[in-house]
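The chains carry the letters A, B, C and D, assigned in the order they are written, with residues numbered from 1 in each.
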Amino acid sequence: MAKNIKTEYNDLGLGTKTSSGSFRSLNKDGTFNVKKTNVPFLERINFFHSLITMPWLHFFGLIVSGYLIANILFAFIYLIIGVEHLTGINALSVSGKFIEAFFFSAQTITTLGYGRVAPVGILANCIAAIESLLGLLAFALATGLLYGRFSKPSGRIKYSSCAVLAPYQDINAFMFRVVNPQNNQLLEVEVNVSFSMKKENSELRDFYSLELERNKIVFFPYMWTIVHPINEASPLFKLKEAEMLARNAEFIVMMKAFDESFSQTVYSRSSYKASEIKWGEKFVYLVKWEEEGVSVDVGKIDETEKVKLN
Amino acid sequence: MAKNIKTEYNDLGLGTKTSSGSFRSLNKDGTFNVKKTNVPFLERINFFHSLITMPWLHFFGLIVSGYLIANILFAFIYLIIGVEHLTGINALSVSGKFIEAFFFSAQTITTLGYGRVAPVGILANCIAAIESLLGLLAFALATGLLYGRFSKPSGRIKYSSCAVLAPYQDINAFMFRVVNPQNNQLLEVEVNVSFSMKKENSELRDFYSLELERNKIVFFPYMWTIVHPINEASPLFKLKEAEMLARNAEFIVMMKAFDESFSQTVYSRSSYKASEIKWGEKFVYLVKWEEEGVSVDVGKIDETEKVKLN
Amino acid sequence: MAKNIKTEYNDLGLGTKTSSGSFRSLNKDGTFNVKKTNVPFLERINFFHSLITMPWLHFFGLIVSGYLIANILFAFIYLIIGVEHLTGINALSVSGKFIEAFFFSAQTITTLGYGRVAPVGILANCIAAIESLLGLLAFALATGLLYGRFSKPSGRIKYSSCAVLAPYQDINAFMFRVVNPQNNQLLEVEVNVSFSMKKENSELRDFYSLELERNKIVFFPYMWTIVHPINEASPLFKLKEAEMLARNAEFIVMMKAFDESFSQTVYSRSSYKASEIKWGEKFVYLVKWEEEGVSVDVGKIDETEKVKLN
Amino acid sequence: MAKNIKTEYNDLGLGTKTSSGSFRSLNKDGTFNVKKTNVPFLERINFFHSLITMPWLHFFGLIVSGYLIANILFAFIYLIIGVEHLTGINALSVSGKFIEAFFFSAQTITTLGYGRVAPVGILANCIAAIESLLGLLAFALATGLLYGRFSKPSGRIKYSSCAVLAPYQDINAFMFRVVNPQNNQLLEVEVNVSFSMKKENSELRDFYSLELERNKIVFFPYMWTIVHPINEASPLFKLKEAEMLARNAEFIVMMKAFDESFSQTVYSRSSYKASEIKWGEKFVYLVKWEEEGVSVDVGKIDETEKVKLN
């Protein structure tokens, strides 16, 4: 009884009530199918999070736009106070003056300062002094974010696209496998697999934490097949494929590891829906022991072969 | 007996002696009502802590003031050694010379260096060489702090403004709820709730650690209602509302989570006084299961409705 | 027996063999009385560690020296290739030329670049291009270290200068107290106290881990008195003051906490020798409960008063 | 039985199947003898990991090459748009113009900007404005990586080059020793030793986790001898030297510690093959207790002496 309560509530924080909707709660890329509404803007917004996670193209677009807008703004200001306060400007037309002011601004904001064009007098000098201060601060943020994005652990663990239900010792087991495609070492890798399924004759869902053959490895140099043996204690015990599909089952995976290159803890999430499980197939063994070392054919991570279930 | 000792001392570090003062020991914003006196200045001061936690307006004020003061200082120095050692200065009045020296200093400290005004001779060159070195170092600190502030995990978990005392299974429970209003993932969220109350007929306080229905979730995508069931083991067992108020009760909450955007552990604290607990109310359920995903109405986190207690 | 082995080996890594020398193994400032000899230079040296832990005066001295030396070096190079390749140099004497080259170098290495003096021709331009690259890289290291030093958690926990042996319930206890003099929050503070003493009639030492009344607190807003009750299981049971002195006893303390300002785990170490323990004294209580909050008189952390031992 | 399963699977993640190849699975430097094949380029590549772990010479080579290539590229662009848009260029030949454009580019990309050569007109100014922006961003990455490399914990724990099989109490034990040659403190040091050996009459391998006399120390000021006592429970019990060699045994070591200078967790790995174990030798004791402290002769870490086994 006590144990029952524990497993029922071991829902990883995804809640125990749910409709029979067929969407997945956790997407393959680790994001959740959740929309938060009516959050006040100031509570919702997290500039750092947005700037660190947006696509690279958007990030560079933002920097270039910011650079352009700042220079246009300051060019207008120099134009308003009069470009006669800048030495070396030869243009006579307004547009010509604006363009020269724009480039003077660019030379100021980057602290380049050729000096062919230079401010004379209090007003122009003031604007230039302010602009160079702003430039230093703004570029500190931009370049800090650039390096922050670059040095952010990616934790790109690669999951097999499908899971399998294969024989294991004298019973069967639910299995999927993962590989670290990169050369950075992941250490002390932990995995946590949770299983959710609609209750019979109800709109509610049950959540179970699955017992694994191993839930932690110290090193992760090759490939790791994560195995949940389906014994009497398993919520999958005697569950048929059709029922799993009908009850809209979902396996939710969380992995945690220490990434040695980044000296940081990284997390990875994924999920398998009932339709992504191959019954009666097993993974092809990919590790080859050669004369001078081990070789793993990562390209074949999804390869399975037919096998008779127990 | 052994257990008694344990719960009595499980005071989170807030001490077991206390007056009957009605102040809260932990403020809503996570700071403590503590004043440390007679701490020698050098032991007390922590520049980094101050600079990283002060309001943004103060921080920018400090940078701008520092910039102004440094330039005024160096302008005076250039004035003292004589602006004739700077090329391109046309001003004849002292104030005019000071202003030109001020802007030359600004161009030097930011390493802008237009060169329209430039130092000639040993003395002026020396000052300029020192100023540019100082400028590089000072701006490194300023921009480092700017980025440090910007990239500091905010951990803004939003707490319901009130807690409730609501029915739970066939008993009652103390409940409050929290939400992460932002889009950054909080993982492995742990909560720790402690309860303190004046002893009967004494100025001293008892502290208890409260047993929770769950004290850890792996994911935190929606909203989390933290539940302390009031069973026979609970210090709240048979406690009435009036007594709780009279004995000046306080619930102290600490949450701990891993913030994935910042790759750091974050902490959050809050508290509920007896007067912030609604007896006989329950939280309105806010998670909606729509066709394409889940939707949570965060704006209604404080919404409760009347309910009959067990 | 099993327990005996455990406590005997619970030596924190300080070894079980030791002479009867009267030096302390752990100094008050957290460093160890250890000299490592015959370590090859390349294995021993850790530039980062040295640069991050050296006194501030040394650090700034190093930066200024580096700046001077680099400029002197480059000034010589410009002198050797001929200052006629630099525009705007008016000096005729070698020393005058050297000085002008020196300041040109300073303007180049800081990327200031006034341009009054500027390189002409391949050779001078080459040197200047190399110098500005070196300048950018060197200043990146210097300013990175500057900010790294500034943002390094100091973890300045203040220990009472002496420990006491005071009555506790119906027995006695070994006690000392600590305070966080700063305003940054230390969370989840853990303490570990170990006791070492020469064996009777032997040059070897015994090490014991001491059981504490509490070894962890969640918050640390006030002051914490760490208490080891001297019951039958304690290695201090029936130990007299004279024997403790004769057997050269030492209490070794390690504290660990999460510093919220720095978002990092910090460690602190200290030790008490037998001569730093006041027998039959207790700490004066320093927390005052005032109308609007709590006040702690940190300046009196060392204050004790006579008390009768049990 | 249950225990058997546990030890068999306690393989640290190195797999349980293996050929009888004589290569080591873990190299002395902590890398693995693994080749991952058929990994798509975009999944495999991790620029940050490569740039942070490549040798210093390669890293500086890359920076210098990047600087040269960028300047050559921009020099060509200025040449194409016509160097008449740059003031102060005196060269008449194409090569001379290219060289002057190259140095102008260097002055722009480092934001040095002497201004002797300066852009005039829209086109040249545009290129210069873009180049200075690129320069700021590229140097932010380069200098960030430079500091990142410099401040990366090295965790250089030094292992004795051989392990020994020496008497221990009334049995024997497998021992090796480690030292931290540097002055930075390593705290809370944990060690994990695993033993692998070919099965008798099979190509498969058994993996065992070895029970250690101590697997964690709080401080690590001197030297640490890690001891696995060979009692009845040990997989080494009654194993002879010849058999260990024949069955291609390997001891795999992982250490984990908190490096106080870097405020980070560091990992270290090493391994001992059967041929690197000296039977019937013991380590010479290297810690000397002098008047003013302890002295450890790190240079003799590998020194052993003959001893009779139990």
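Just so it is clear, contacts are C-beta pairs under 8 Å (C-beta built on N, C-alpha and C of every residue); 3 or more make two chains touch, one makes a residue touch a chain.
A quick note: this is a predicted structure, and the numbers were derived from the prediction, not measured.
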Over half of interface residue numbers shared between chain B and chain C means same, under half means different, so which is it? different
What rotation angle, rounded to the nearest 5 degrees, superposes the C-alpha atoms of chain A onto those of its identical copy chain D? 90
How far is the middle of chain A from the middle of chain B, if each middle is the mean of its Cα atoms, in Å? 26
Quick one: report the Å distance separating chain B from chain C, using the average Cα coordinate of each chain. 26
So what's the Cα centroid distance for chain B and chain D, whole Å? 37
Chain C touches at least 2 other chains through residues 111-115, 144, 262
Looking at which chains touch, is this a line, ring, star, complete or other? complete
Seen from chain C, its contact residues with chain A in the complex are 111, 113-115
Chain D-facing residues of chain C, complex: 9, 11-15, 17-19, 21, 23, 25-26, 32-40, 43-50, 52-53, 87, 108, 111-115, 118-120, 122, 125-126, 128-129, 132-133, 135-137, 140-141, 144-145, 148, 152-153, 192, 194, 254, 262, 264-267, 269
For chain C, which residues are in contact with chain B within the complex? 63-64, 67, 71, 99, 103, 106-107, 110-116, 139, 142-144, 146-147, 150-151, 154, 156, 158, 179, 181-185, 187-189, 213-214, 217-222, 224, 258, 260-263, 285, 287, 289-300
